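The first chain written gets the first letter, and so on, giving A, B, C and D; residue counts start at 1 in each chain.
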């Protein structure tokens, strides 16, 4: 049966769980998984509910599902405005349309494409965009459209216009920067709030900016890390989604850090993408709530 | 204000979250933290709710709190029996009474006592029981009663009778086996269901039984582990609460494994104890749900 | 310049480091990296030396390199027999010839092929063998020969004969079982001592045999693992090369364990393969020394 | 038998391993464990050799040991100056004299004292110095001298003079800052090069300075860390010895981070101290080589 996810955030107050779950129950919804979080410091409430229109709905037509979900939306609207809720309702039957940006390093791209092809990532990869040509064959192998948009100091403005038009025409809902080594303009970023995921090859906030593995080597750290985060206009400073680290030693030179880091980058980026696609992430301030 | 924890498990059905949270809301309770889990395979529902009688209750007398909690219990009773719930209601103002058993190795005991003294473990340590004398000074330092009950093949029966009487007279609610190297009888274990926590020095189910670090060394594993679990009558086979591992190499001999393992044992045992005391754990079958 | 690796194991005695390094020094070798290990319990000595014929050899012809290495071999021979050494001398310019076996699950295969294509694995992948057809396109994409050899109860003997002939004709030096779900015969295994690497999807020795993720779920463990090891005739009992684990919770069902486990399997298998290809592993008894 | 550790660092050149091991062999030394490291970038060579004067020396008098070690020193001197080596020779029979500084948080102190009492840390803890009184009872329990030296803005200079005199009079060789919340003067630090170990409660270089757990919470990181390092005159910028991290989630507030961080701090500080006492660490530039 159809499954939907309701994501809520609002000022905390008494009875929120009771009222939301009561409304769902009243509509005949079956809660498959519910999770809440309260930030007592800021007085905020967050909730994620995975539910299906009806538990005995295996035989029910998708039209009936549509009706139940539509009815729920109608009745939820007034509750939401009364309680000052920001909310999203997603249906798992809808696969978000995704664009992947990359440069010449293909390890994150290859990993995402393999995971997608084996069913781990519930989305439709509509396009791969790159300022290099290395990804072209891989895109072809997985049957995904590839667009080569070179970026040079002189073509930068045009290139971004071209990218934007492309994303708009393809109705892209999520942009993944899979080691895309170009900085996007504020304007571009503003069009996709909490909808551009980047992987940075350090344990942020350590080693912001370029060449973090070199910086890590110079500082003599004993662990290296990688971070996936939503892109905001501040460089490497958006809400962190996931981080992981690996142990290194004095024996490891910069190329070793780069090689070990590739495994971390793949892991933290693919987790972030999956959680986003499963509607597990809520941003607030410069942080994320990641419901498990 | 007083905080209470409600722990529920019951057959899964529609509307459980709505009805429990609705009841709490109706009683004027303030939900501080709620978490649910559904085992779709077995059709089971688990819930943990941390709540306070009233959110504006800073000024409210503990008598008033008592009334609210009593009233909640009354009204919850009928809901619970209708929905076939097993449930527990704990108040954080009640500190469970704990007995720690140990042998001659003191690292877990010393760790627990230090954590307790710095406020990490919300309980009252009523007694330390040991078949050796090594723990005596440490117990004295922390002002905790120490009882030396030697265990030999011939005194085993008497010794356990003595332990049981002691625990009964002290109204012990939780027994912690902090590297206590004796096996308890089925009869003893049956008196404390899901209330005896042991630490086993391996990553269970690998290396069940005696000398697990020796067995790990012989097998040539690359990680060693430790496991905390509730004690049941099957040796090293009770519901697992927590596990952790550490990397080793060919350089590490058995004494190195033992030394590194001590850190793991401390961590997994103290986490299990804390989670138990915070009423985060529900057992079902031979497993645990650990609410975070 | 050419780099060579000398791997030694022998009964421990005084002066071994001095005599081996003295011999290399006398031959004009430049030690790039040396590591030793002594098992004091068993009285064994292990050594790995990475060296180049001459440090100023950038301009030196490969013929000259050959001469130095040949001369070293000659003089080392007598030392080795005097000291009862088992030894191997590998040149990095020689890329071992590898066969990868897989079934219908492609995540380990795809990972190895991507790593190989990006230069992480110094070998020549001569063939991919499978009892299924799923890997065929992937093999074609990377330009690697694919051989489909179905295995059924009735064709088992013939199939293995076919595999053996193939490996022999291709002069295969290392066989990687990348989630190959068939059991090889003792006879097959005996032909490739310490030269067949398997990945088992559990933290060995826990959950030996089939369906380890199901067993882990049933037991209620809090961490799952994966293990790469050399294949011996005892099922899942060969010398362990690498292990890793990931944290799970009560929320994770068997499909979640399988998905998370795929990441572990990729990591531990690819590390084992890389270390083998870099001649970092020595087997003794049922264990490995892995030089870092 | 007596065991000694030789630590060397010098410009890299051919034959170093051969000449050092040859010299030891010539003196009848038995190498128990040897490890080298070459920094090819900087052209530096590092070596650690654990050796005993004679392998059959169980019966040998300590006078004989002294003679062998003295003879070795004599002959090594000339080799060392020829090859521009900086070197140290330590005997395990000598237990370094240690001072521990702490403030009011006792978790690291309690951990170090317990480890010391169970034989994990080969040193003599000569004194515990604190600007608070909380540690006094713990020091008494372990029978270690405690000195309360208050530090206020006006007494700072006197207090440090008092500390220095104390350390000098006790011939302290290693100072451990076990969450000592005062900053030492450059002059103090200069007296103990690579001999003051601090633990910082963050994954350096992230969150340098005060209140790192608060900063981590504000930034919304998904892992917290701790770092042990040698103290230099640059705040939190000395050579890193060890780091570790723990996973956190949006549920964890600052007090949770502090509690979880305590476990990390204990681990990274105690490892650093043990490695230092086992003469496993060499500093160069702002980094460490940690021989395992």
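Points worth noting:
Here, contacts are C-beta pairs under 8 Å (C-beta built on N, C-alpha and C of every residue); 3 or more make two chains touch, one makes a residue touch a chain.
It should be emphasised that the depicted structure is a prediction, and the values quoted were computed from it without experimental measurement.
More contacting C-beta pairs link the chains of A-D than the other of the two pairs A-C and A-D. Of all chains, the one whose CA centroid is most distant from that of chain D is A. The geometric centre of chain A is 36 Å away from that of chain C, both derived from CA atoms.
Chain A and chain D have Cα centroids lying 43 Å from one another. Contact of a single residue of chain B with at least two other chains is seen at positions 40, 249, 251, 292.
Those residues of chain A whose C-beta lies close enough to touch chain C in the complex are 106-107, 110-111, 114, 118, 120, 137, 141, 249, 251, 259, 263, 267, 292.
By the touch criterion given at the top, residues 37, 40-41, 203-207, 219-223, 225, 239-245, 249-251, 253, 285-290, 292 of chain A touch chain D in their complex.
Residue ranges of chain A in contact with chain B, taken from their complex: 14-19, 21-22, 24-25, 28, 30-36, 38, 40, 55, 247.
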